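Every chain is named by a letter (A, B, C and D) in the order it is written, and numbering of its residues begins at 1.
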Amino acid sequence: MLTLLLITFPLLAALILFLAKSKTSKTIALALSVVEFIIALAAFGLYKHNPDACQLWFNVAWVQSLGIHFNVAINGMSLLMILLTTFLVPLIILSSFKNEYAKEYNFYGLIFVMQMALIGVFTANDGFLFYVFWELALIPIYFICLVWGGENRGAITFKFFVYTLFGSLFMLVGLIYLYNHTNVEGLKSWAINDLYTAGRSLTETQQSAVFWLIFIAFAIKMPIFPLHTWQPNTYVNAPTQGTMLLSGIMLKMGTFGVIKWLLPMVPLGLEKWGATAIGLSVVGIVYASCIAIVQKDYKRLIAYSSIAHVGLISAGILSANQQGIQGALMQMLAHGVSVIGLFLIADILLRHTGTRDVDKLGGIRSMNGNFALLFLIIILGAVALPLTNGFIGEFLLINGIYQFNAWAAAFAGLTVILGAVYMLRSYQNIMLGERKDSHIAFGSLASSDKWVLYIVVIVIIAFGVYPKPLNDIAEESVKQLMLNLK
Amino acid sequence: MINGISINYYLLLSTVLFIIGAVGVMARRNSIIIFMCIELMLNAVNLLLVSFSTLHNDASGQVFVFFIMAVAAAEVAVGLAILSMIYRNVKSIDTDLLSNLKK
Amino acid sequence: MKGLLIISALGIIAMLAEIFKFKKLLLPIVLLGIVAAYAFNFMEWNTSMSISYFDNMIAFDKMGIAFSGIILATAFFWFILANDYFEEDSNTVDHFALVLFALVGALMLTSFKNMTTLFLGIEIMSIPLYVLAASKKKDLKSNEAGFKYLIMGSFASAFLLFGIALVYGATGSFDIMQIRTYVSANSQSLPLFFNVGIVMLLVAMCFKVSAAPFHFWAPDVYEGSPTLITALMSTVVKTAAFAAFLRLFMVGFAGVSEMWTGVLAVVVALSLVIANFSAAMQNSVKRMLAFSSISHAAFMLMIILANVRSNLSVNALIYYSLAYSFGSIAAFGIVYNVTRNGNQNTDAFNGLAKRNPTMAFCMAVAMLSLAGIPITSGFFAKYFVFTAMITTPYKWLLILAVITSAVGAYYYLKVIIAMYFKTQVAETETIQVEKSQTLVIVLTTLVTLVIGIVPGLVANMFKV
Amino acid sequence: MIKLIALVPLFPLLGFLMNGFFGKKISKGLSGSIASLAILASFIVSVLAFIELQGSTQKENIINIFSWINSGTLQIPFEFLYDPLSSLFLLIITGIGFLIHVYSTGYMHDDEGFSRFFTYLNLFVFFMLLLVLGNNYLITFVGWEGVGLCSYLLIGFWFKNTAYNNAAKKAFIMNRIGDLGFLLGIILIYITFGSISYTEIFDKAGSVSPATITAIALLLFVGAMGKSAQLPLYTWLPDAMAGPTPVSALIHAATMVTAGVFIVVRSNVFYSLSEVASHTVAVVGVLTALFAATIGLLQNDIKKILAYSTVSQLGLMFLGLGVGAYSSAVFHVTTHAFFKALLFLGAGSVIHAMGGEQDIRKMGGLSGKIKITFITMLLGTIAISGIPPFSGFFSKDEILAHTYEHSKILWLLGMITSMLTAFYMFRMLFIVFFGKFRGTHAQEHHLHESPTSMTFPLIVLATLSVIGGVLGLPQFWGLPNWMHHNLDEVIKIKNPSILSHETEWKLMGLAVASAASVIYFAYTLFMKHKVLPAEKESQLKPWQKVIYNKYYVDEFFDIIIRKPLDAISTVFYKFLDLQIIDGIVNGVGTAVKSIGSIVRLAQQGNIGFYIISMVMGIVFIVLLTFLVK
């Protein structure tokens, strides 16, 4: 029931905003999102640490004749993702307090629709339902980018939409293929476990086919090299909050999908093609990091760095061992938080100085030391310094990849170095030295921005020093998953 | 066998008629002639039906022919009406003039 | 059956309206009539055996009733949408009558049992449409549309008849049930020309549902005809044609499916490619919708192709027609209002989100539905096709379908982008839409969403 | 006290937090004393704990704080290991740390970033303590990266100066290169032993395949190379002199840079088990030592000279480690901490006196002006040159002795290094403190001895550098070598010296003689003939130019690493990403368009054509039906 509430409440919130058309939508939205977060915390409280996964079921037939059920439940992984989503959305809304959007009630409404879809994706236990939520998440973000985006958003959002749709259509085919092989007393079923069994019953070639059909969708969403080219432009052109949604949460749909909807389905396919996929991911890490080094637009730089991070995550997942997958989960949480901070910083830079060009900026630290400090800590989180949230994930991930293949790990590990290179370079260019452009003034931060950054920084450190509460959930849920993979 | 003539001949004949009609429709540009060719095709079918109905000695085939005739008449009537309307606008019944809708 | 009769009666009444001067009342009467027809139609639902009329030439079984239901519903909305279109024209009643007679034809097509009624149905439906297509007397485009439709239509009917004749010759009957039994009895000893006959029939039907390579008339006619007539063609006519197609090939020639499925696969592939790729190039929205209707035809054909012998395809096809019809009604209704000023290009939609948010929203939903995005009904329609195709040997066709529908998203989105992103260049007047029309558009949009969220409403309905 | 060992890192942490949050609000004096007292407190705790440890028989004490990362079989608690090794390092870090804090209160007095400086300094001490206290590689790694961060912050302390920022960035990134190796090493250890706790793995090491052991040892050594500035990852250390001098003394001489030595000693089992690894360590060590020493010969920046000498001394330590003389290496770490910290602080005092001038060519004749600094530095210089009975002599001699029994060539190189060291150190001393003053009049007028807060640490350190030798008196003199005895439990695999006493005597004598002669040579050169370093680079001989420019190593790296990286990145972005990959994606779009425009050619409006194509379609289909089967 609580799960259902988690899904429906954002929808309700969206309706309220759409219909109220209130002047104070910002505050209303913030309040509502906080409520949603509290509900999530309640779920966190109710969640019992027992390994045999799913809790808080809600299951009703949707289309009986087709074996489609509205079947949602929370297990460890989805709980983590829900916490992430519900925690980030208030931050995202708060971060928007300094931006003026036309018809803002629609803007915030769409954010909530998005949240609904995302939570749906994370909780769905029915293949069809999963797909529906998956597609559903695409529509609000599409409109957010299209209506409130930057310069040539038309072409770019368009590319983004078609590209992702293209991927997910293949996923649909793959899922239907599995569905078609399910057999529960002669009936077909969309229930996830039946899909698992169906997938496992397939021959290696069939599994390989399904693996690619489904993986393509996830790979595009994440995105994995070389399917990433929609991402930087979309991130740069989307409104900051849109970018946050895309990178902070939506990206995780892909990684989460691989964990829950790919690994247990087609073990043989994974065995055969996992190496290839890991290869792509790992290449993507270095490739994207290198590109990030030469970026001038800070937002674009973050976009590429995010490709690098997600490459590491997916490589860890596909290495299909305890450390790899658990690391991926932890890193998903960490990356979500840090990237919000980074994109907000990009936005702040633009608002205060009118540019995001790292070469034009400079000497801001001497104008606002406080901001410099927050910025630095967030960067340290991004380069995975120990005792920041980034480290635990990265260590486990590289560990997992190493168990798959030492050289892959070494190559992936280059992110440790390259990440430092582009992050510190850009930080130095933006913040340190004398100010290059004399008429760039940088006053004190708006309180809303301050709060977001403070929260982000606190989480980065707290989570890095004492990850146990979340880490335990991750650990046990992954243990459970590993049983499925055997 | 109809009166000692194999059905295949009827079949052949009407097919030939049908093809002549079709080729006419394809080749000619004059709308009236096109209508006539279509009529020819329909009549080819009529012939075929009639011969088959005698072959099966079953009347329904011939009944069908009447339907065809009626419908053909209606069709032509409508066709000519439209044609006259067009003629009013372009002072011609050459089908080549009617190619503004394209691509 | 009663439905059929009522509609025919309505047609005649419409013609009398001129004489007895109750033009004004005509629309209400027609609407009531349609409602009545609808009611009677579904009364026959639970009659266990399908009652047949005219020496078993027409019989309303569940399938027939279902399709007639869709057609009548669509027609109902269409008439509301069309009321002012009739007013702006001198000889209203003729148009009423013509549309109603076309409806009669359509209903016959859903329920024929005999080649004769098939032929008659097609003609009764088509001939009024030829006229309606050309009904803008002064507009050369309209004339051309009508003329092309007529010539090519009758050319196609010639093939239909030739096919019928050959099949008759081979089997000695027009009754499709008898044909079925005969074929299954001696499938070995069938003469070669029987096969030719089937191909001819296939060709003719493909023409009617405008599948490539027999689709050439569709774009031109859609573009040339008055927008609402186009709406009629792409909804009522298409549904009827598919009902006929389904019945003819799944009831009549299921036994010899190997004779036509291969060909049909090719036709589908051609249609998918040609339709989607040309649609991507269109500036005129009407033309784009024409091509999109071709690609949807391809999808519906896939359903037939996929499972020839099972009723699943009937359900799927019914759902698809319903989803598609309602989507199109909404879309065309909006197009009709937006393109009043004569500009039929996509840029007519620029900034619609500001000029009329409701219309913009409905159009967006319609487009998403046609593109097959959840939670619109269009998605489920696509889903049925995919589920059906996955079991067939034609998996390559499925992949082709996936790719082309990605292309499809391309041109549907163009409209959305125009509405929400592009800003009106010249006059930024808000678009006023009549209450009744708004109602229709919103209603159809809602239906599109509702049956998209709860497809069970329709999908489980027809245990044919 | 041992139970409360967590207090040791806790105090600096508190100091860091207090200064971090309130530093700006409180007075300089207060924030300075908070910081210093924090370190003093942890020094006292360490001393007490140390005494307790000496008393007790329980040498390995594990103190668990909380469980940190759990992942299946990978269990990483946040726990400390207090054993002789860490106890010793605690003393060095907190002791010298405290002195340097005191010194800094004077040195940094006029800097506006005063409280910020102490914030960083406390944070550094905290991380350094974590590094040595951790009971598993990952805790050590936390400290390892943490000190790297602090060094980054402190090198770039004056953040308006781009050169300094670059130095800081360079230091961080070069360290990261090493850290990657370290990280992989840790992971390999986990995979091999199923644990990364010091107390669990070392005993199992014997039963593991040598190849794996070698791999682990080498990976860890890569990390050590980064931290301890060994070839080829040493170039950051000289640049790191951009930071305030106390930082150079604490981080880049006494403590952080010896972390590499620490980790090798911690993992000594692996190195003892792997010939290859230990040889690599030795060779890299000695080469670094020699290489850096030669560069030191011609430097003119007082801090750069000390920096290169640090690199070279670290090289000697690794040489010791490589030949299995672990305790000797640690011994040298200790003494080096004393005299190198002393020298840096002295240099700082000189720079202070000279009003920020660091070029020895501008100095001269300072001996009279700043007596305490001069005397203390003199002692330090003697210590580092290895003149008995100063501390440096003993530690260096032990290392060389072990090297001799291990390999003559390495020993020879070591000897040369220590001779060079003696030479350039005295060169510096003579040029700075003797002859006539070469600076501007303003500077001459400005000259003054530093405040007590700065001289006091100098005196203390001087004393330590003089007497520090007692920690490890030569055994063959029949004297107790405490250092050796103390680390007995830590070094699992012993390799006792097999040298006969007279060889040891010979070596020792040789060392002293050579050092003395070199010093005399330097004396004649710089005192008698008053030779001064060339004013301009153009006056140098070619071979001198090469050395003066540090063998162009920086330029070399620039050419083989930085430039290619940028180039490749640009190619990736401008060409591969935008042109090829995205090009393909957009190409699909254009392909759709072009196919579309071809397909619609068919739709060309003419009925006749439509009919024809329909018929052709029919024919095609008929053929299909009848020919396909």
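Here is the rule we go by: contacts are C-beta pairs under 8 Å (C-beta built on N, C-alpha and C of every residue); 3 or more make two chains touch, one makes a residue touch a chain.
Just so it is clear, the structure is predicted and the values come from calculations on it, not from any experiment.
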Common touching chains of chain B and chain A: C, D
Minimal step count in the chain contact network, chain B to chain C: 1
Chain A and chain C, separation of their C-alpha mean positions in angstrom: 43
Chain centre separation in whole Å, for chain D relative to chain C (CA means): 79
Interchain centroid distance [CA atoms averaged], chain A/chain D, Å: 38
Chain B-chain D separation of Cα centroids, rounded to whole Å: 98
Residues of chain D touching at least two other chains: 589, 600, 603, 605, 607, 611
Interface hub residues of chain B, defined as touching at least two other chains: 22, 25, 95, 98-102
Each pair of chains that touches, named by its two labels: A-C, A-D, B-C, B-D, C-D
Contact footprint of chain C on chain B as seen in their complex: 7, 11, 14, 18, 21-22, 25, 31, 34, 38, 41-42, 44-45, 48-49, 52-53, 55-56, 58, 60-61, 63-64, 67-68, 71, 74-75, 78-79, 81-83, 85-86, 89-90, 95, 98-102
Residue numbers on chain B that touch chain D, as the complex places them: 22, 25-27, 29, 95-96, 98-103
Sites on chain C touched by chain A in the complex: 353, 368, 373-375, 379, 383, 386-387, 390-391, 398-399, 402-403, 405-406, 409-410, 413, 416-417, 420-422, 454-456, 459-460
Residue ranges of chain D touching chain C (in the complex, touch as defined): 589, 592-593, 595-597, 599-600, 602-603, 605, 607, 610-611, 613-614, 616-618, 620-622, 624-626, 628
Residue numbers on chain A that touch chain D, as the complex places them: 159, 163, 226, 228-230, 287, 290-291, 293-295, 322-323, 326-327, 363, 365-366, 380, 385-387, 392, 395-396, 398-399, 402-403, 406, 409-410, 413-414, 416-417, 420-421, 424-425, 428, 431-434, 466-468, 471-472, 475, 478-479, 482
